[in-house]
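In the two complexes that follow, chain A is the common piece, with chain B as its partner first and chain C second.
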Partner chain A sequence: MTAAAVAGQIGSINVRVRRRRRLVVAGLVAPALLVVCGALLVPALNLIVQSFLESSGYGGVVYHFTLSNYLDAIRDPTYRKVAWHSFGLGALAALICVVAGYPAAYFITFRLHHRWRNLALFLVVISLFTSYLVRLYAWYTILGGNGIVNTALIHLGVVKHPLLFLLFSRWAVLIAFVNVFLPFSVLMLTSAMQNIRPELLENARDLGASPLRTFSRIVLPLTMTGAVGAFTYTFILTSGDYITPSLLGGTSSTSLANIVSDEFVALGNRQAGAAISCVMLLIFFTVYLSLSRLERWKGI
Partner chain B sequence: MTDELLSPAQRFSRRELMRRGLLGGTAIALTPSLLAALEGSAAAASTATAASGTINFFSWQGYDLLDEPTVKAWRKKNGVTVHSTYVNTHNDITAKFTAGGGKGIYNLSTYEAGYGPFYVGLDIPQPLDLSKIPNFKNAHPLFRSGAIANKWWHFKGKQWAVPFTWGIQGINYQSDKIKAPTSYRDLLKPEFKKKYGVTDDPVAAIVIGAHATGIFRADSLYTHAQLSKIIAFWKTLKANARLIVPSYGNMGDLFASGEIVAATPGWAAVNSFAASKGDHAVKHVAPKEGSATFCDAFFIPNGAKDTDVVYSYINEAFSLEAQAQEAKALVQAAVCPGAVKLMDKATRALYPYGQLTQILTKAAPLEVIPANVPKGYATFADWNKAWEKFKA
Partner chain C sequence: MTHRRPHVSGLAVYTVLLFLFLFAPIAFVVLFSFNKTAGLTFPFHGFSLRWYRAVFSSPTYRESIVASLRVALITVVVVVVVGTLAGIGLTRHAFRGSGAARGLLLFPAALPGLFVGIALLSFFVQTKVTLSLWTVTAGHLVYVLPYFVLVVTSRLQRFDYLLEEAARDLGAGPWTTFRRVTLPLIAPSLIAGALVVFSLSWDEVFITFFTIGAQNTLPLVIYSTVKQSVDPSVNAISTLLLAGSLVFIFSVRRLVVDLQQ
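Let's look at the complex of A and B:
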């Protein structure tokens, strides 16, 4: 056999191996792709299409192109007011989660012996083991009129009557949001911090950098991806939540997601609900793109 | 019941009803269980063929009669399994069977009388074969034929649903902490500030609001200006309220945890929900202005599977024992007069069964959904839209 023939055979084997590898990769990726297409892309496309159609009420649809759903969604002063509240509360919750998540993530990554790190991370996620609803109802027993906080305040003589604003208010919703989403922020920030070599921090200290300067020049820039991820994740999920505002929001409980739910459920107007959902998607996307630019930031 | 609804000409007074209600509420806690009281009672004939299978139920908590001894024993005997999904508002039922996820999945649901023509227009229920529900003959004639039946359950020559329970919606209150409110406006008093909830139930709220503002109409035809007046009334109540209660199930939790002492629109079944959480002092009252009256009916959705077992189940729910037990558990009225004598004294006293026709035709007519209205009047969609904005 000539060298050329051997090379040809080897080449053909390589081609077969590559083809087989591609098939294996395709086979492994296919289920995930199917799930993403079936459960995300198709419904999202349906939502977008529906938002440009006319409703004939209670599940009915007229296949006629219209922008009126969007115009109604944008012009309605009630929707605008609710949108400000929803996005404002979502942004505040996301900011608190990121700010509060940094010290915890820093402590776990750089202060704890690696032996205890997994235990600490387990403790962070342990609250996620209980259902979302159970955690929301738990706030009744903590912040309620007869709850732990009010009982303690009364016994300590700080107040004479229970502080009713603690529960069924925007504060209660904010507290619940932070409680639910802080662990996710800590996990994302911890993951980002694990890419920082401890020597960098030691060098900064050796060169006389203050802790604040070390944080702003090294930790923050190198963990910006995690911070942006944590903020965006919390912002999207809290701004779009409707269970927490319903259960804990009191008389100011309506969120934009509640409006969407009402359009779908109470009014049977899928098209209006879809338009509001698309506006929300657009806002989320804009926020994500804007924050993504921060990832390029290299420090103060 | 209201002064307006229960005028002297209507032969029973609100005070009498209230007195009976209060006595009844006390008696409920003191009397032996209904089951014991019913021991040895004559059973209604059940001639429908029992069938085993699965019932996928979509409606209000408690309407699946899961814990009522007669239906429970029947289920066990016939190997019938019930998978229940509970609704927060009646709109959940409409949405489930119009937007998808309901037809072909659930084979039993309920609608409130006023939704009947609306639902048939949306092609939600399928016509029923009454020969498979022989126990329905136990129901009061008013529910089987005549003007009311033909308006809500039997029209276009078909039987679309079978009414099995009715009741009134006023105010739920914590009887060991406050006196029964006699008016919705009692809730505006300083002592109620931030101590009550407004329930997210637009239909009951608008009917109650119409009573409270003195513009109630049995046909639910309100102009947009009148609808605004009703919503303005609720805004006044909301300003003094602690929260908007998202569902009646949640209302029971709120009473049990001591977060509220009253809530409106109320529902007598909440008394049971709260009792199951250890709070036995929640009661229901119909204030003097008037209350919403409802009557719920079983229906089989279009596309339902295993309908034989559903028919058997519905039939069993119309046995006199099941009716009496359901009336006690839900604190609602039975539709079968024969069940009244099987009730304990307290349950029997809750509703004036002797004046049924008088109540449902004149004093407190069933609430109507304005699905198709003449020009110039607010539609059901207008109601829901106004309520959506009220909550915001």
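Let's look at the complex of A and C:
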């Protein structure tokens, strides 16, 4: 056999091995992809298609292309008001979570002995994994008319009658949002701060930088990725939430998710609901993209 | 240590207050689950287990616990099998489109629950699928799969493939190698991932809200109970849920500690 023939044979064996390997890999990944396609991709594409079709009354659909679902959604003044409300509350909650998370994350990372640091982080993880619904319910009982806050206020003689505006208000929703999402942002910020070498902070102090300047020139730029991640995650999950506004918000706080759900369930206009959810998704995507540019920011 | 400045203790106080804010509400729920009377206010009238008895004697709670367990267990089994295979496929050999496949498996985690829930509901209505615990399970599958794939791939990326090659050189077939070498080594991560999946599914309300049929899961029963009136038995069931989460989190911690050693 000539050298060329041997080389050719080895080559063809190689090709066969590689082809088999590719088949095996495809076989391994295929079931998971099938799950995602069947239970998400196809329904999501269907929803996008639906948003461009006409509704024919209760639950029905006319296969006729239209933009009216989108135009109606954008023009409707009630929807616009609720949208501002939802996104505003979500952005405020996300901002509070990040700002309130920074001092705690800084303390846990740089001021605690590593054993205490692990304990603190473990506590944060525990609160992250305690039921979301249970925490909402806890605020429900704390802020209610017969709740702990009102009883304490009456007992102390601060007020005569229970403050009924505590529960079923935007503030109740905001407090619950911060309570639920704060652990996540503390965790994100702590893991971002672990990449900062403590010597860097000492150097800055030795060179005469004030704590504020050290924070804004070193800590903030180096943890920007974590801050943006925490903000985006909180913003998306809070402004798209249905459960918290419906439990704690009362009638004063209709959410966008509430409107979508009403279009679907109560009014049977799936096409309008689809259009609103697509617009929401587009807004989330835009916020995410524009915020991720902030990560390259190098400090003040 | 260097000398302590006043602002240091300020940070400490702040952090303690933050932890109080996180845990005090939960502590109230646990405390009042043992209350003798139906009130949710101080003064506390004494300990009793009456709300726990109320939970266990209520068929609604019992049925919903069974339903939640069923959904969570089916979700765990499917996700562990499908996710482990995908994790191995994604980390072992780079192939054309592996980046895209990875992205496709992880992106559901970035979608708001509202979008997933609405997309599924719309799809089920259109294809005339009756809403049931199966449609709930479908939603949970896509919601938890990314988290499991993340756990498994991050373990497999640190996997020493020489161990597998050694087994093969000693004459073990691919299946034996997987069963006797690969699986025991990645098992702690798989169990940790399975526990994460279980707890996510067990606690899920948002996607479930849109895909639920006649049979309710436990979180939805709690949701509708709270929505209607204040019922102190919710304190007891919430405490049971919390206890479940604690068991879960301590077992994951054990596993992670074992992994590091």
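In this text, the second predicted complex is superposed on the first by the 253 of 300 C-alpha atoms of A that agree within 3 Å, B and C clash if a C-alpha of one lies under 4 Å from a C-alpha of the other, contacts with A are read in each partner's own complex, and residues count from 1 in each chain.
We adopt the following convention: a residue touches a chain if its C-beta (ideal position, glycine included) is under 8 Å from a C-beta of that chain, and two chains touch if they have at least 3 such contacts.
Owing to the predicted nature of the structure, the values given are computational and were not obtained by experimental measurement.
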Partner chain(s) touched by A:270 [first = chain B, second = chain C, both, neither]: both
First, second, both or neither for A:246, with chain B first and chain C second: both
Superposed model, chain A: greater residue contact from chain B or chain C: C
Which of chain B and chain C A:260 touches, first, second, both or neither: second
Touched partner set for A:123, first chain B, second chain C, both or neither: second
First (chain B), second (chain C), both or neither touched by A:185: neither
First, second, both or neither for A:167, with chain B first and chain C second: first
Partner chain in contact with A:144 - chain B first, chain C second, else both or neither: both
First, second, both or neither for A:214, with chain B first and chain C second: neither
Which of chain B and chain C A:81 touches, first, second, both or neither: first
Residues of chain A at both interfaces, chain B in one complex, chain C in the other: 59, 137, 140-141, 144, 146, 246-247, 264, 270
Contacting residues of chain C [partner chain A, same complex]: 7-8, 11-12, 14-15, 18-19, 21-23, 25-26, 28-29, 32, 39-42, 78, 81-83, 85-86, 88-90, 92-93, 95, 98, 101, 104-105, 108, 110-116, 118-123, 125-126, 138-139, 141-142, 145, 149, 199, 203, 205-206, 209-210, 219, 222-223, 226-227, 230, 234-235, 238, 241-242, 245-246, 248-249, 253
Residues of chain A that touch chain B when the two form their complex: 57-59, 78, 81-82, 137, 140-141, 144-146, 164, 167-168, 246-247, 249-251, 253-254, 258-259, 262, 264-270
Contact set on chain A toward chain C in their complex: 21-22, 24-29, 31-33, 35-36, 38-44, 46-47, 50, 59, 61, 100, 103-104, 106-108, 111, 120, 122-127, 129-142, 144, 146-148, 151-152, 179, 182-183, 186, 211, 236-237, 240-243, 246-247, 257, 260-261, 264, 270, 273-274, 277, 280-281, 284, 288
Complex interface listing, chain B residues touching chain A: 89, 91-92, 94-95, 98-99, 122, 194, 198, 202, 238-239, 241-244, 246, 250, 253, 257-259, 381, 384-385, 387-389, 391-392
